[in-house]
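What follows is a set of structures to go through.
Okay, so chain A shows up in both of these, paired with chain B first and chain C after.
Coming up: the complex of A and B.
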């Protein structure tokens, strides 16, 4: 299965890992890290919105967060997806 | 449910704590009656050595029994061997249900978890950090922990709220008749400040040393007439954990900017004049503020009267270079501070009572002009939380936060606006440690936010012309915009922690976290 990553686990960043998923299985999202306790809803919204804009319906996504703001999280998701689609070496 | 003056719900009775007194304002509670005292005892010339062969013999001789209260002090910090050794020995001797009354616990004490689980320790009155804090937050102790400040703790002791059965004093140097000193010996830690009140008010005092010297020891910081029993361990602590290396000033540009703004605020204030006194602690930002202040003092030819608190090598340099006349030291953080307190008569060892107790004839914090403190979060009313983390876990003690904030003429909280995604300003803090009525300003990378009740400081900053001012509303709006909405902390109804104001009233309670 194809997998790609973007980001780091430095402070205020996150490491996003995306993997291909069978059509029809939907988005399987796992959030881990420092902000999850108080920001899981906001983080989930940001990830799903970004995938929606990229017209991705089926994907496994793991976010290892170390305090990333939404703009960073969205950019990391976008970059990971782009790498998965062969746009860039992971 | 009854509420205190900050609107926090405080039950009238808390199981394992008793009847509560709600916090009603900084000076609302007045003391009544006399100071408490320890048991009287007599010692004559048929007893000329207090040394017993080992820790178990000391515990047996102290009369310590199940259900009693034992106290410890934290000058050996993360290098401490004494707390674990004493509780291990108690466990082996079949003593149970102890109330642990430490001035603070550190990571090295996580071993106590097994003794909490097995029932040797039933209650903790003192800060719970790291793994013990996490365990308590998740409901791992039946009896709630009670948090008190460095001044609130001696207040509780001298007023009789807490009776200490046996106080254990980790003594880097002792003689056979119980004269103790902190600044000498292989485990030297400098000031023994937090231990004094315990030694003066406990029914029995056990000194634990790894450097037994011939009578009389000199210098003496705690005299023999308070000490009942002396025992020797091979080592009372690991020097690497007792004193830190040289504490460095932050290099982070963001923190340096915050430090610069804080220093400008101090310089603009009416307190920046000959004889200024300050406490800045050992944190990276605090040290940088001190460095900027030093430059300003040099430029304006001002000399300070004293530096207070936990003392670092940086403060020792200020003393040597004449920027302050005296240091008043309740805890010596590094080797330079330990050396200085041993050698320099202007570096004064003070007790916690002397430092911060609101219920005596006057603590040093009352003489303080400026204090710089941290916070995990602060709210629109300038209430500060230093005890609970963003996820609601009770992981930090109060330290001298309440006392210095209440005592100082200018109380500054310095903190980056964000720690990761977590903002330091919120609509309402999760738990209150220090009320907004004693906090004057918050300094972030966006500028200085002044408590509206300090109009004089706003005017002073505007007159100075180099202090960027930002209102609390602007700051909260900015934090909301960057961080997004927060999810609430999910808790059970059970109270696992009680935060006392320094006068013994309850300023807030902390609830057990819901299992995830």
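Coming up: the complex of A and C.
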């Protein structure tokens, strides 16, 4: 299974790990980190919105959060997906 | 004129700094895609900076990005991702050696601005002169495009190219700084000084800033927020200087009203250059709106 990562676990950042999933299995999202208890719904919405914009229906996503704002979470998801797709290196 | 006393470098892959940098109130920001970002993180940093620019919360800071060098494969992607957003005031280009490099960058910017429906020419160019060739060609570089708004001598790279190193006294950069000032003024662009690398040496920073201010520099690049208030303090006119400037402006205004060419203030003749300097003092003191001193 192909996997890619983007981000860090530094303050105000998050480490996003994405893996390919079988077609039809949908988005499997795991959120970890101290702020998840309070912000899990907003975080899930941000991740799903970003994947939607990238037209991705099936993917396993793990977010290790250290206080990332929405825009950072979205940027990290996009970078991880781009890397998974073998996108342009750098 | 726009104040550029301090332009703070922010590492391009660091959300914490990118989102909070403007809170330290520098005059400008340099979101850095070059040396502060590892090669394998260029892609993620570019996406992050793009989204931070889209959000657009930078207070009153002038917002620029240090792109990757024109000798790399990244610089065009940097521009294509960021310039179309219409939020960048300028790009800081590393290792500018000659006028041809500026022209190449100018053409790429025009193409991208035009495609994005932006006013062509709106993105300014800040040139980092990091080689002996770059310093030697300063005037040609500064006049290679109307977009060029500032020239900035390098520190580490430049001294390495000169086969020396940076000393606390800055002996190796002294002649270079003087040359850059003359070329910048001749070309009508700002001269911004290189970073002061010893971030805990406040006295050293104050001394170097006083020196470059006296040479005529407009400001300095900054690598740590703690350096900002010290540089601003050095560049901010004293009460006495402000008072004298206000007297000069008042006297010049009165002279103009009475149809006189020159007047005296405190026993010194006040003519056009003196008035210009007084207006500049008040601008630096924040007592004139930017642009008001062009009158």
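Heads up, the rule we're going with is that the second predicted complex is superposed on the first by the 87 of 90 C-alpha atoms of A that agree within 3 Å, B and C clash if a C-alpha of one lies under 4 Å from a C-alpha of the other, contacts with A are read in each partner's own complex, and residues count from 1 in each chain.
Please note the rule applied: contacts are C-beta pairs under 8 Å (C-beta built on N, C-alpha and C of every residue); 3 or more make two chains touch, one makes a residue touch a chain.
Just so it is clear, the model here is predicted, and its values are computed rather than measured.
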| item | value |
| --- | --- |
| Clash or fit, chain B versus chain C on superposed chain A | fit |
| Partner chain in contact with A:7 - chain B first, chain C second, else both or neither | second |
| Which of chain B and chain C A:31 touches, first, second, both or neither | neither |
| Touched partner set for A:78, first chain B, second chain C, both or neither | second |
| Which superposed partner A:68 touches (first chain B, second chain C, both, neither) | both |
| Chain A: partner with more touched residues, chain B or chain C | C |
| Partner chain in contact with A:47 - chain B first, chain C second, else both or neither | neither |
| Shortest CA-CA distance between chain B and chain C [superposed frame, angstrom] | 5 |
| Where chain A meets both chain C and chain B, residue numbers | 11-12, 68-69 |
| Of chain A, residues touching chain B in the complex | 11-12, 34-35, 37-42, 46, 65-70 |
| Complex contacts: residues of chain A adjacent to chain C | 6-8, 10-13, 68-69, 71-72, 74-76, 78-79, 82-83, 87-90 |
| Chain A-facing residues of chain C, complex | 13-16, 19, 39-44, 47-48, 50-52, 54-55, 73-74, 77 |
| Complex contact set, residues of chain B against chain A | 390-392, 418-422, 482-487, 489 |
